[in-house]
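So that you can tell them apart, the chains are marked A, B and C in the order they are listed, and the count of residues begins at 1 in each.
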Amino acid sequence: MASSVVASTANIWRNLPVKAKVGVFLFGFFVLAAIIGPMVEPYDPGFQNTAANALSAHPSAQHLFGTTQLGQDVLSQVLTGIRLTLELALLVGVIVTVISVLVGVTAAFLGGIWDDVLSLLTNVFLVIPALPVLIVLLGYLPQQGQTPTILVLSLLGWPWGARVIRVQTLTIRNRDFIAASRESGEKTWRIIIFDIIPNEISLIAASFVNTVLYAIGASVALAFIGLTDVNSWSLGTVLYWVQQDDAVQSNAWWWFVPPGLAVALMGVSLVLLNSGIDEIGNPRLRASRASAKVAGHRIWPTDPTPVYAQLAAERSRLGSFLHSFSRSSLYDETPAGSELR
Amino acid sequence: MSPILEIRDLSVAYRTPDGDVRAVEQVNLTLNAGEVVGLCGESGSGKSTLAYGATRLLRPPAVVTGGSVLYGGRRITQGGDPADLLAMDQRELRAMRWREVAIVFQSAMNALNPVLRIQDQLLDAVQAHLKLSRHDAREKVASLLDLVGIPRTRLRSYPHELSGGMRQRVMIAMALAADPEVVIMDEPTTALDVVVQRDILSQVVELKETLGFAIMFITHDLSLLLELADRIAVMYAGRLMETGSSRDIMRDAAHPYTMGLLNSFPALHGPRRTLAGIPGSPPDLRNPKPGCPFVPRCPHARPACAEVDMSLAPVSGSAGAGVPGVVSHLTACPFVTPQMSQEGQASQEGVLS
Amino acid sequence: MSFILRRLAFYLVAAWVAITANFFIPRAVPGNPIAIILSKYPNLTPQAYQALSQMIGGSLEKGSLWSQYVHYLDDVVHFNFGTDLANFPTPVSTLLDQALPWTLVLVGTATVIAFAIGTTLGILAGWRAGGGLDRSLPFLMFFQAVPYFFLALLLVDFFAVQHHWLPPGGGYNGEITQPGWTWSFISNAIEYSTLPALTIVISSIAGWMLQMRNVMITTIGEDYVVAAQAKGLSKARIIYTYAARNALLPQLQGFGLALGFAVSGALIMEIVFGYPGIGLLLLNSVTDKDFPMMQAILLVIVFAVLIANLVVDLIVAFVDPRARAREAV
């Protein structure tokens, strides 16, 4: 049992596109940074090195990413920022995924008036723009900090996943094997947990990744405009101080590039991850990637079906040499009509 | 009668990361002018792959790995040698499509563009191949609808506004838009109820008589072919099992698979029998075992079957192959005669009842 | 027709939810909004406090909750948002009227341009999946993942600080020209909006392109595209009339859904550039705890997004013959 899980995971990994693998590694790097950050950061992010030459200093051996206007070490700030931002985003991701699965599956399963009501609720939350509402909500709250931000982000983040999961659940629900389970008297909750959810794993995973992406973006944006705790060191807050202290005008690129880049790369890694999950879940996308090349020639969708004899004839000597390094050369060695490997 | 479409030794495979799937393996099939040839087999037998592969409509990862498809229509050959579809380039193929070989797809709802009106889709087909003025083109389109018995008022409709039967008729009208010599019909009536099916098919036969095109009729329903087709080819696991005139197949089915198919549908007359069917399921085409692919499901299987080379040979007792004017009855199974086939089937039924 | 009516009804419901939430939230959060205002603006007249209580609740409100709600609804329908606190006694609607056109023009134009270019590129990338354009996607996706405002900072750094080609912020140069329908003003405003617009376009284009590419790939796999090939139609006809026209439908629907995000991002961008639109107004009102303004801006933004969604629905209904027959919600 376990070995087959390992085997199928290995199989999935092998067939992932390059960009998805890059995404996995990149995201893993950030998770690592978040975990070992507090042990590795050279200074406390708030510590101000008031030596004369240490204010807004260029990157040096002492301060790998330079310092801020107040003499604070940018590298430490970025490390702490990564950790805080990731913590928040992952937490929001979990909460939102749970809510959206609950709502989506319930709406699909109960059907009838419940479905209508929940769908209406989902669509209303979907269509109302999130960020302005988040800004105003934070404005009303007396204190600012991680918790309200998490609550407020979760409150508005669930409809996307809920909608998609509802549609998928409806499709699965009408399949025969569910009817079979029902006929045999399986309790509803068992059907949901053991039959439906395993079939939606890639969808739930994609939804989770999307939510984390949204949470990172939204929390950084909110922090940037100064609506979350300006004394904590999330990446958005670092950028807030960048803006406040006119780092751009004074060309202190080492101050604003690292945190922004960190956010961007975290985001990119998630987007790449998601494209990998997309291809696992949507076989047509995968097929289009794996199949556009036959015998070293690129075949476009509306090209006539290639004829092997024609293709094989057209490759030049250099082309053949180069082609022998590719994986498809394994399949192309055999002449037409006889034993194909 | 010279053949209008001659498929020789055609092999088609799908390249997948897990290996090649040999969907069609060395199939020989001939279509003569004005003839109806039925191609019969279960899902996954490769019959659609054969037709689409021959016309080079399959998408990657499909590859044609061998053979030739010779088309002998006069417009293309102009009295000379038949042209090989597999050797044509894009431009030549495009000129040939629809004008010479047209296709009626299985699901009209899926094969019609949902956002275009019927009129526009028919006009597309007409104007891609015939040089007509706008007015003439529209008149031609309207007359096409007349041909299949759809009122002209439907020209401005969208596909989803038509009934299933009407949509299929539109597909047929569209196929005839450029006056083709060959029409390939891929399970055109599978999704329709029997009454509509009958209607449409009799109309198709009428049109064939009037306009004179040949039909390759693909279906899993052998009973339909027995009525409709002049000749029938039975496919299994990408290979031909048996070919012959519909009479030969009906009366003297030689291959155990054909016999199994024949006994999978009930007769309207005669005593009630238990349907025998064919137990088991089609083989995995990725790693074909040597010999006959039907072995796991064949009531006459024997050790020698693993060494059969699957080429077609005349059925023992039939009129000899190559005799001009006589349609040859060929089978891939060297061990079973029509008589044995029938007896074997009867004993199968005995077991099941 | 019934499709449009049903969508309209849906948007009315959504608007009502937003309005009602807007009414209840200040009354529901911990802390006393009136107390906050009292501490921040000690110089307001008692009538002003009274009016504020009516709007956001607090110890000075009179009448039952229900009567306040009705009064509030009445105000909203008449676009009576009360008096601004930070710029007392200017009415909120005046300030809104000044800021709104800036935002509409900038965000509207930039979003439409990004959508048009992104979709077109997506059509080509989807058609040639695995080809050169398609392989540039991850590069573009990077720009999508970059936070809007960070990209803004980078662009400002390059174009304004280092090279002085474009102004770093603001809506127009107050020393040269004044708002009005003069060419000098308009050209100046265009110059100032170039960087913000460029930021919006660059950061959102990859999203549209990726979405369209994926939809195209799915659409190309449909039977009617194979049928179009079989009919021997020209490539252009197949790409555009058979594939892209069908792929546009889900793409447009996605546009509607993503509008909320587009607006949000654009608002942040205005803040970075100090652009005199609604975004800046919103931020200032939140920092100043200027509750009437906050409420008003939120409603305006929500209404704008809802209306834009309705327009997209109308376009979809126009382009897709099946939409009129389908379920609305």
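Miscellaneous remarks
Heads up, the rule we're going with is that contacts are C-beta pairs under 8 Å (C-beta built on N, C-alpha and C of every residue); 3 or more make two chains touch, one makes a residue touch a chain.
Model, not experiment: these values are computed from the prediction.
Distances from each chain's CA mean to the overall CA mean are smallest for chain A. No other pair of chains has as many C-beta pairs in contact as A-C. Ranked by how far their CA centres sit from the centre of subunit B, the chains are topped by C. Centre-to-centre separation of subunit A and subunit B, using mean CA positions: 47 Å. As a whole-number value, the distance joining the C-alpha centres of subunit B and subunit C reads 55 Å.
Taking the mean of the C-alpha atoms as each chain's centre, subunit A and subunit C sit 24 Å apart. Residue numbers of subunit A whose C-beta contacts span two or more other chains: 292-293, 301. Residue numbers of subunit C whose C-beta contacts span two or more other chains: 221, 229. Multi-chain contact residues, meaning those touching two or more other chains, occur in subunit B at positions 57, 59, 93. The touching residues of subunit C, counted against subunit A in their complex, run 10-11, 13-14, 17-18, 25-26, 29-31, 33, 36, 127-131, 138, 141-142, 144-150, 153-154, 156-157, 161-162, 168, 214, 217-218, 220-221, 225, 229, 235, 238, 256-257, 259-261, 263-265, 267-268, 271-272, 282-283, 285-287, 289, 291, 294-295, 297-298, 301-302, 305-306, 309, 329. The touching residues of subunit B, counted against subunit C in their complex, run 55, 57, 59, 93-99, 102-103, 105, 107, 110-116, 124-125, 128-129, 158, 160, 174. Put simply, subunit C touches subunit B in their complex at residues 221-224, 226-234, 237, 241-242, 245-246, 249, 319-322, 325. Per the touch definition, subunit A reaches subunit B in the complex via residues 15, 287, 290-295, 299, 301, 303-311, 328, 331, 336-337, 340-341.
Subunit B contributes residues 9, 11-13, 15-17, 19-20, 22, 26, 52-53, 56-67, 86-88, 90, 93 to its touches with subunit A in the complex.
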